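The next part holds the structures, each set out as structure tokens.
What follows is a pair of complexes built around chain A, which joins chain B in one and chain C in the other.
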Partner chain A sequence: MRVVWAIARREVRSLLHTATGWLVLGGFLFLTGAFWLALVDNYLARSGDLAYDPYSDVRMSLVDHLLAPFFGNVAILLLVVCPAVTMRSFADEQRLGTLDLLATSPVSAWQIALGKLGGAWAFVGLLLACTLWMPLALTPFGALDPGALAGGYLSLVLLGAALCALGTLASALTDQALVALVLSFSVTLVLWIVGWLNPDPTSFVSQISIATHVGDMARGALRASDVAYFVLLSGWCVVALRQRVASWRYA
Partner chain B sequence: MSALRKFVWALGLIGAACVLGFGVRVWLLGGTDERSLELAFAGATLLLTYAALDRDRLDEAAQRRDVRHGGAAWLVVLGAAVAGGLLYAGVRRVDDTIDLTQGRRFTPSAHTLSVLDGLDQDVQILAFFVDGSSTQKEFARVVRAYTERSARVSLTWIDPVKEPLKAREHQVDVLAGEVVITQDDRHETLAGRFDESALTDAIVRVTSDTVHVVCWTEGHGEADPDDTRNAAGMGDAVLALEGANVQVLHANTLAGRLDPRCEAVVIARPTVDWLAYERRLLLGYLRGGGRVLVMLEPGVTPALAASFASLGVAVGDDLVLDPSPDRAMPGAGDASRLLVPPRAFDSHPITDGLRGAALLSVARSVGVAENTPGVAARVLLRAGEQSWAEKDLAEDSSTYARDPDEAQGELPLAVASELITPENVVVPDSGATVGADEADVRAAVTQVITGALGDRPVSDATRLDMDLGLSAEGIDALRKTVGDQLGVSVSSDPPIDTVATLLARATEAASRRVSALGDAVAVPLPAPKAGGRLVVFGDASFAGNRSLAFGSDRELFLDSVAWLTGEDDQLGERPDDMGDTLTMNATQEGILAVFALLLVPGAAGALALGTLLRRRSL
Partner chain C sequence: MIQARALTRTYGARTAIQGIDFTVGRGEVVGLLGPNGAGKSTTMRILAGALAASSGSVQIDGHDVFADPIAVKRVVGFLPERPPLYADMGVADFLSYAATLHGVNDVAEAVARALELAAVREVAARPIGRLSKGFKQRVGLAAALVHSPKVLLLDEPASGLDPVQRVEMRALVRRLAAGDVTVLLSTHVLAEVESTCDRVIALHHGRVVLDSRLDAIGGGGVVRVRVGRVDGAAAALAAVPGVGSVDSPVDGTLLVRGEGDLRAAVARAAAPFDLLELGSPSGLEDLFVRLAREDA
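Showing the complex of A and B:
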């Protein structure tokens, strides 16, 4: 575990020791801030309009009209951010020739896979933690549901884990960071939109779609199948990644 | 030939694409068709051709070390995918949900569960939504609990764009989405709102055998059942009733009779006391098996309040105050606002399913009357241990203090009573004829005028224009208000200028109406019949537009009516769909914008710049 932690820490440090890492963080925070502000503004405007419309049967809910759309927007941002964060994790090692050092080092393939993934996941966790102030800043002005808030962030953390796992796997399949970025983004995008083919939430395509499993959790409903989806998807990626790392040793 | 071998991989690629296309087609269509079989055949042929032409290289590749090891790796990855898929399928079969939300938004409300469990007929839900639309996703979330809970509920998704004939068959022509709930040949349509409350109400409407008729009395300054705009109105409560398959009719008892369609009568916050013959009518209706919900504010309608004693309900002429901090409304600091938590609800079908607190503002005590045989009366909710019944209502509210003769501790605030031996109900003979009530009419009109003029000191001689400073429009509005509350038309010819004129004119109109209905007043009362039900609350504000959204206030009102109309499977906490508020001014929003767009991302940008400069200086 200590080795995994060391590798993960090194990954995070390498991201934060470059301007790119901070720029990703700044860009992510700017976009999430803009989304948040737009949603708050829209919520206030619609609430104001409805106050003067006694015949409207629309009920404004902070969860449905503010938190859930916010988490949805952040989730879509993660589709881009996670591949960007993970694209260099193995691709650069291959391109720069440091992969041999890694492959011949006295650490297991599992440790390498988990360490690299853990580092990327920790960085994404840092990004998400930096957005926490936004909903908390609204608590003096409205009663935000802490359960829905917790569920929303849990959904993003689990989604981040799955996307980082897919991204790290893509990075291990090529020595070009850009190819890894495109590959992992394409796969995650397909996994996101495939649910649109059949609206029935019990259909096969909906079940393999990422979007299906984010929706309810972002509102505070922790469904066993949703958690299992992300855990199993991440787990499968780790297994595949481990096989890939191991293949470098006997290649 | 060498050129052919060089590009033979393209055959393999096209073959694989054809096989993949076959798989996708089968998956999307749910079966095979001629085109997909053609694809499969073409793909297989191309793959076999590729394998035959490039067999040497394939053989050579298969012998490579990394491929031999890689093959095992692929098997591991494939095995992990299969194991993951199986594990996921297993979890799906159980698929429990932990509801993290405060309001238990993802747990069907007790009301919904009660309705679903009570279904004895199959209900079909036809959901007309454009595939992939946000409203469809919202509804999918809501309806899932229904199909999982009850085998009697079936769901069919229909895209009105793809299946316009089906949409036309059900007269669905909007792309915003509609839901049709059908049961045999009855159907209900939902449009615009697809939340749990709307869906459950629609199921109730479509499965309920009858539309219940509730009569809302007027003519005594009652709360307006059509007013959804003002805090004091009860339009929201009536809308909620209508959503639960209840039709609300206006009933003016000044006419001396009740519409025979009335299954229950609601008396909401009367400010003018009922005339003797009206009280006789009401008690006779109850004795004949009728159902009545009464919501009384303190200090008004003493005769009406006293008339329920023989039905097991003792209405106190007092004001319940509760200074204990755990019963105080946060931020209110007012002992007359009574927060009643669920633990203070006594057991009764009306209160058993409620989970939230009730808020009553300025309430009087309502307890179980002693020595009322043949009546099963039970308290519904109580104030806190430190509460007392203040009797001196004229006293300055800031100096209220408990006197030794005033009742104290867990004072009852509402009672539900059921008549087992209706013969015991005392129905007065007085007031059987109209003529004896002339004085009552004048007293009632006086109360209405006094109420309409608010706190202003008035006498018969008070001039409306000079002493009270009312404009001509103000005087006319006052005339109409008084007329509306009495249920009569007050003439404005010659013009009204003093309170005395208004009183005389309104009394004359009311008396004329009562006299004209003299025959009706003398109509014999129904024969005694067991099963009459009465619910009396010592407060009416909880059902007003302002309070209805609070805690269990709406449920208290709806469950009372459901119990009265015998719809026991509609009792229980309903989903909270009253909405949330967010109160921010422009400055606060501006500060949020500065932090969200400038300070927080700017800090990360500054760190990026710092990192760049530091690395350059190395």
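Showing the complex of A and C:
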């Protein structure tokens, strides 16, 4: 565990020492902040209109008109952010020859894979934690559904974990960070849009689509099948990553 | 301490090393010598557990490298030709990281000792990316030493070091060997082997062509000549009675081989060609030149 922690800490530290890490951090916070302000502004304008409409008895819920679209926007940002966070993970180590330190240390392929992945997860977790103030800032103005908030963040955490696992695996397949970025983003995009081929949510293509499983979770509706989808996707990537790391000796 | 048996490694259709056998005893300093592409780095990487062999076996400190790589890596320190350093880390932080990866309990003590041994204490707080090549090489050495290994594998350890640092590196290797550390160092620099090692294992085209103690290698029967005018000199020297062959390696220097002490006769024959230098090369130098000549 100590070794996994050390590798993960080095990974986060490495991200915070590169322009890429700070660009991702700054860009993510700027865009999520902009989305949030636009959504709040839109919510206030529309709810104000409705308040002065004598024939309307519609009340705009915070979950449907603020939280769900916000989580949806953040989920789309993660499609780009996670490949950017993970692209250098193994690719740079291979290109710069620093992989030799891990390869000749008494650590297992599992420890290396989990340490690298743990660092990416921690960084994306930090990004998501930095957005928490936005929904929490609403609490003085109305009752915020804690279940919807927790469900929304859990969906983002699960999505981030799966995308980081996919990105780290892509990074282990090449020594060029840019190739890893393009590869993981392409696979992620295909997994997102594949559901469009068949609108029936019970169809196979819909079930393998990320978008299908993110949609309801963003509204705080947690289904075991959605959680299982992300856990299985992450698990498959971790096992494949471990195999890849173990195979380097035979390359 | 190290036992390699029938070690073979292929990359696709290319064979990097083929059927290598050697043994290195505890506390021995052995040089792995050979021209570029001889298979030195492949051998070192297999011993360090970074690369799997296609066939054969390696035992280090009683553990099989392929069956129990973790146990082997605990007792081996490896400095690759290109030290694995993170440019964004400070020297002491990097050594702490390397010590943690090797499961060292008292990390602070281990880092302090490694800084001292590799003479990098003065740059302990500096980022590795801002160090000179020589210092980077020494930080790589410190990382290889941080877990007090029983076996030290050094791949071209003097690369990038200035002459003073090279002397210090040799002294350090000798000190470590005196403390019962087994050292295997690969190099193509003859002086490195001659001044540091007890024994030499020469590789050529992936095979062991020599495994001998240094003091058992003689250079008898070989004369090295440098002349001002090369044209015709080789033919004149070849005509000297007792001379078997005349080689002309890289810089125009002539190596004359034959039976017995040929120096006086060779000096007389070389004098008309503006003799500049005459001497007897070491057996190792002669061997190395012959290997290079086979490649030419």
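Convention: the second predicted complex is superposed on the first by the 240 of 251 C-alpha atoms of A that agree within 3 Å, B and C clash if a C-alpha of one lies under 4 Å from a C-alpha of the other, contacts with A are read in each partner's own complex, and residues count from 1 in each chain.
One rule holds in what follows: a residue touches a chain if its C-beta (ideal position, glycine included) is under 8 Å from a C-beta of that chain, and two chains touch if they have at least 3 such contacts.
All values reported here derive from a predicted model rather than from experimental measurement.
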item: Superposed partners chain B and chain C on chain A - clash or fit; value: fit
item: Comparing the two partners chain B and chain C, which touches a greater set of residues in chain A; value: B
item: Following superposition on chain A: angle at chain A, chain B versus chain C, Cα, nearest 10°; value: 170
item: Partner chain(s) touched by A:A103 [first = chain B, second = chain C, both, neither]; value: second
item: Touching partner for A:A6 - first (chain B), second (chain C), both, neither; value: second
item: Touched partner set for A:L222, first chain B, second chain C, both or neither; value: first
item: Partner chain(s) touched by A:V40 [first = chain B, second = chain C, both, neither]; value: first
item: First (chain B), second (chain C), both or neither touched by A:W196; value: first
item: Which of chain B and chain C A:H17 touches, first, second, both or neither; value: both
item: Smallest distance from any CA atom of chain C to any CA atom of chain B, in Å, after fitting; value: 6
item: Chain B and chain C contact sites that coincide on chain A, given as residue numbers; value: 17-18, 250
item: Sites on chain B touched by chain A in the complex; value: 27-28, 65-66, 69-70, 73-74, 76-77, 80-81, 84, 87-88, 91-92, 94-103, 105-106, 129, 131-132, 136-138, 140-141, 144, 157, 159, 192-193, 195, 228-229, 235, 577-584, 588-589, 592-593, 595-597, 600-605, 607-609, 611-612, 615
item: Chain A-facing residues of chain C, complex; value: 48-52, 69-71, 73-74, 76, 78, 80, 82, 84-86, 88-89, 97-98, 100-103, 143
item: Residues of chain A touching chain C in the complex; value: 2-3, 6-7, 10, 13-14, 17-18, 97-108, 249-250
item: Footprint of chain B on chain A - complex, ascending; value: 16-23, 25-27, 29-30, 33-34, 36-37, 40-41, 43-44, 47, 54-55, 57-64, 66, 130, 133-134, 137-138, 141-143, 145-148, 150-151, 196-201, 204, 207, 215-216, 219-225, 228-229, 232-233, 235-236, 239-240, 243-244, 246-247, 250-251
